[in-house]
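Reviewing the structure listed below.
Chain nomenclature is as follows: A, B, C, D and E, assigned in order of appearance, with residue numbering initiated at 1 for each chain independently.
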Amino acid sequence: MDRFLPLVVAVPLLGAALLVGAGRRMPRIVAESVGCLCAACTAGLALVLLARGTAVSWVGGWEPYHGHSVGIVLVGDRVGLGLAALTSLLVTAVLVYSWHYFDEPPRGHAGAYPALVLLFQAGMCGFAVTGDLFDAFVFFELMGVVGYALTGYRVEEARPVQGALAFGFVNSLGGYASLLGVGLLYARTGELGMAQVGRQLDAAPRRDALVVAAFVLVLTGFLVKAAAVPFHFWLPDAHAVAPTPVCMLLSGVMVELGVYGAARVHFTVFAGPGGVPAEDVRRLFLVLGVATALVGAAMCWQQRHVKRLLAFSTVSHTGLFLVGLAAGTAESVSGVCLYVLGHAGAKAALFASTGVLLDRHGSVDECELHGRGRDMRGVGVLFAVGAFALAGLPPFGTALGKALAEEHSPWLPVVFVLVSAVTGGAVLRVTAHVFLGAGQAPRTTQPETRGDEEPETEEPAWRLPRPMIAVAGLLLAGALAVGAVPALAEEVGAAARAFTDHAGYAAVVLDGRRGAAPPGPAAWWTPTGAGLGLLSAALATGLAALAVRRALPTGRWSAPLRRLHSGHVGDYVVWTAAGIGLLSALVLWPVG
Amino acid sequence: MADVLVVLALMFVAAAATAAVLNRDPARQAVVLSLLGLGLAVAFTVLQAPDVGLSQLGVGSALTPLMILLTVRKVRKGKGRGRE
Amino acid sequence: MNPWLGGAALLLVGGLGPSLWAAASGGAGRRVVAQNMATLLLCLVFLLLAQGYGRTAYVDLALVVAVLGPAGTLVFARLLLDRDSGDPPGARWLTPVVAVATPATVIPLCIVTGPGRATVKLVVIGLLLLAGGVATTRAVRRG
Amino acid sequence: MSRRVRMGVLAAGLLATAALFVTAFLDMPHFGGAWHPYGDRAVQASVNRRTANTVSAVNFDQRGFDTLGEESILFASVLGTVVLLRQARDERTRAPRPGPVPAALRRYGLVALPATLLIGLYVIAHGQLSPGGGFQGGVVVATALHLLYIAVDYPALERIRPLGLYEVGDAVGEAAYVVLGVAGLLAGSAYLANVLPFGTFNTLSSGGTVPLLNAAVGLEVASAVVVLLARFLVQALEIEGGDGGKEQAA
Amino acid sequence: MSVFPYAVAGWIFLVGVYGLATSRNLVHAVGCLSVAQSATYVLLLAVGYRRGGTAPVFSDTPTTASVVDPVVQALALTDVVVGATVTALLLALVVQTAKRHGTTDPDELHELKG
């Protein structure tokens, strides 16, 4: 059964090839059905494999001989396969959501959009299950290339192409930095598989500048994808302008895959005695994570363009993921996994609801839409529930995840509560303004991105599009289930224990050792965690209420920060270069 | 002797890369980029990688310049009309 | 010390180096001429390297340059050169250089290789190079 | 950011990166060293499977999954370019005028085209023996067709370029690669396993599935590059208008 | 000599980043990105070089010959393809940017701020 693992990449690729090859003769409905079918089949396959436990597949049948192989290994451990399954489910949801979404497909290419989404799926699944550093780079680039094209999909408008360009430049540069790092590792270890590289590093531990440089460079690419400060600038530009269904994928899984890549490489390659000391990694993730969370939250609160607001909330939650990773314990990692699952559901649902707004009113601007959503009760409820999910109201998966991730340090809950409250509060504020017509229409004078977007859909819909709303509802239900099903949390706990086991990973991959996952305490709700979740939800409500009554100081304090988000590709590249320097400084920081 | 060739080829590549960045006009930069591609092909060959050299030649000698120049042409045409 | 590799190094320094300089400065015409010169010399460099390393397989590189090099120059000639800006500087040297350098490289190589398929390949490359050189010179000077 | 701040941050970032590079490079194994464990294993495996060009063996057999990803990137970027450079609603096409081309140049183009085409096919076919392969040869083949544009004229290129066919070729090449991989699964082995007889060393049919995968890549690359360049050519030579949004805004 | 090729790779990357950051024309920026990428080819091939080795292609040489590392060559080959495709896609985006914004100067793109 393990040998079917590569099919999670091959099936979507085949579907995409079919859609392009036969796209000219294919009616739109057939093309969209084929897309959904391929995505759903892949999701099914991933789930079946996931149920069986860890799958290791040497592509081409190049099984290792004395621990050495010339082939590429795909490792579907529970975290990797879980992400592949999440990706596939979300892709299926997105394809259903965007049924007849765009007004006209490119002439003669009815299948182009579903084909691109399937390629995106293949890239993400491949990245999630690969156990080889160079192969990870290849799928990283596949994700990137499709991401740029999907972001710029609406070429008739000015903003999408600009956002896609920023996305393209920064991500490609990050990818090349990663590849340089892979080259350094290859020079030192003579291997490319993650498990093999890790073993070689440990065989003769030499914690020198080469290892540090490789770590920093490899991480640069993944952190660019994960939009960690100061690599995050491209994200709001791309997410604000990409078609809404694409945003669901970008924010829901692609960014998280960047975090996954960083964590995967850290645990499999650098966590041993020959890698980078744990306290250095901890410092790196902690500083970067806190900075990302705070910058994202501050920027999120200031937005009136709803998609951009959601994009910045993704940045800030990514920061929290990184903070969760910093501890490096199985428990905190299982918290991050649950958090990612819950966040994917909540964020995708919020984007989906925003898409309904855009479909109806041709705008995603909080000020313009003031009170115009009064007749869309259902969407308003979805928005509010999504906001509470972001804020971490128990029993959403986000709340359980945060509770598990924040427990390893006394002051971290402050950051978690604050960031959750601000990002959730911003969405609640939008809900109150748009769907309740509360307060007065807000006005600002700062230079900023307004939300006067062109509608993306066929024609202004007079009846609420049922499939779109159903998808949003289902996604929220999923986010709720993550925090409400004890069996899932147990499984995630086991997955995280295997994920953080540096030597165990190499043993599974190279020695074919398939022991049961090491037993550990089952992670579940604690009174503190639930209490903090309730607290941040209450704070979010309070913040939103204050904002609606204009009882908060104006956003002048944030002007310098906002000016840094200049939309200028050159600036973003400058920050990327500075970020490489920052990462090296954080890793090499003299302790004590 | 082999090392001398490697050094020469890599020096050529470094010089071409620098020149490609410093030539700010995209059409003229395309010429330098094409020379960078040729230089890389030589460097790959002296590093005993003719396979990579061949693909660099295929991409760098005609394909990339053609794409860049067509882009420049389209972009200039658009600008010219904008001014009218 | 291998004279073939020495020749390649010489061509690299004395031929491709100045071409880079010319291609990176000055007007469009001068740059295209330099690019053309560089591709022609590059083909010879590959032939010399193949001989110097004793690897006939490397001759394929020269074969590909012999057709793609002129194609690249024609791209520049078509899309970069101004039609009425006259003869670019240095263009009149193109044909003589090709006419002298190609036989000067190919003929000794043929002699060393001896009759056989490899020699036929060398002759084909030489002919393609000459034809390409003449055609690109025409294209560059058509103004 | 103001220009000065930008240059300052850039200088700091570049200096730090340079320092990182320098310290790392000083710890690298010396250039040209003899220790290449993976490379030695790859050579051994390639010879065992009778593929003379080890690089092709690595590309299509040992690390064939990378190449699957690589071809998918190419496939995706061609599809992306087709989508991005589509004719927008506010644009119209215009038939391009053929430009004057000297007769000598035209003759060269007509001679060089078949020669280049042959060389490209030769490079594809000998991928598992001598330097070259599907990608390199595919690019040469596609460039050969475009000699018609650069040496003759654009309408001549359009006549031999039924784009739909090339788009299908692109998809068929990609699909063939994926399906050849599945064949390994069906034969009871792993995905992309080399399940065909390996043949005789240094002949055209050696290497098992390597020549087949190579041919699939050649087909895909040649078609993909033609489609890619076609989008750019159509944009540069045929499509007009398209700043409608800008004009309305002004 | 033992680090010179690596240093060249580092230099190319830095020069490419510099050009990308200071570029005033998006087409030029795409060119600079491909320059930065060349660094990865040079580094990979330099890492795989073996002094006295020849190309790992045995059509015209005995299989006992000392050869350089074929794996990095396969990686570089993949990398070249990636570079070309990314260039194409970014150029397509530049074409559309020029159409919709009427400029290719990143300093004049004002749509996404704050």
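Assume a contact is a pair of C-beta atoms (placed from the backbone, for glycine too) under 8 Å apart; a residue touches a chain by one contact, two chains touch by 3 or more.
Note that this is a predicted model, so its numbers are computed, not measured.
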| item | value |
| --- | --- |
| Shared chain contacts [subunit A and subunit B, defined touch] | D, E |
| A-E compared against A-D, more contacting pairs | A-D |
| Centre distance in Å when subunit A and subunit C are each reduced to the mean of their C-alpha atoms | 51 |
| Distance from subunit E to subunit C - Cα centre to Cα centre, in angstrom | 24 |
| CA centroid of subunit B to CA centroid of subunit D, Å | 17 |
| Centre-to-centre distance between subunit E and subunit B (centres being mean Cα positions), rounded to whole Å | 10 |
| Subunit D: positions in contact with at least two other chains | 6, 10, 14, 17, 21, 26, 28, 32, 36, 38-39, 42, 53, 55, 58, 63, 66, 69-70, 73, 76-77, 80-81, 84-85, 123, 126, 130-132, 135-136, 140, 143, 146, 150, 228, 232, 235, 242-243, 245-246 |
| Of all residues in subunit B, the ones touching two or more other chains | 2-3, 20, 22-23, 30, 48-51, 53-55, 57-59, 62-63, 66-67, 70-74, 78, 82 |
| Residues of subunit E whose C-beta touches two or more other chains | 1, 4-5, 13, 17-18, 21-23, 46-49, 51, 54-57, 59-60, 67-68, 71-73, 75, 77-78, 81-82, 85-86, 88-89, 91, 93-96, 99-102 |
| Pairs of chains in contact (touch as defined earlier), listed by label | A-D, A-E, B-C, B-D, B-E, C-D, C-E, D-E |
| Touch list for subunit E against partner subunit B, complex | 1, 4-5, 8, 11-12, 15-16, 18-19, 23-25, 27-28, 30-32, 34-35, 38, 41-42, 45-46, 48-49, 51-57, 67-68, 72-73, 76-77, 80-81, 83-84, 87-88, 91, 94-95, 98-99, 102-104 |
| Residue ranges of subunit B touching subunit C (in the complex, touch as defined) | 1-2, 4-5, 8-9, 12, 15-16, 19-20, 22-23, 27-28, 30-32, 34-35, 38-39, 41-42, 45-46, 48, 50, 53-54, 57-58, 61-62, 65-66, 69-70, 72-73 |
| Complex contacts: residues of subunit B adjacent to subunit D | 3, 49-51, 53-55, 57-59, 62-63, 66-67, 70-71, 73-74, 77-78, 81-82 |
| Residues on subunit E engaged by subunit D in the complex (per definition of touch) | 1-7, 10, 13-14, 17-18, 21-22, 46-51, 55-60, 63, 67-75, 77-78, 81-82, 85-86, 88-89, 91-93, 95-96, 99-102 |
| Residues of subunit E touching subunit A in the complex | 9, 13, 17, 20-23, 26, 29, 33, 36-37, 39-40, 43-44, 47, 71-72, 75, 78-79, 82, 85-86, 89-90, 93-94, 96-97, 100-101, 106-107, 109-114 |
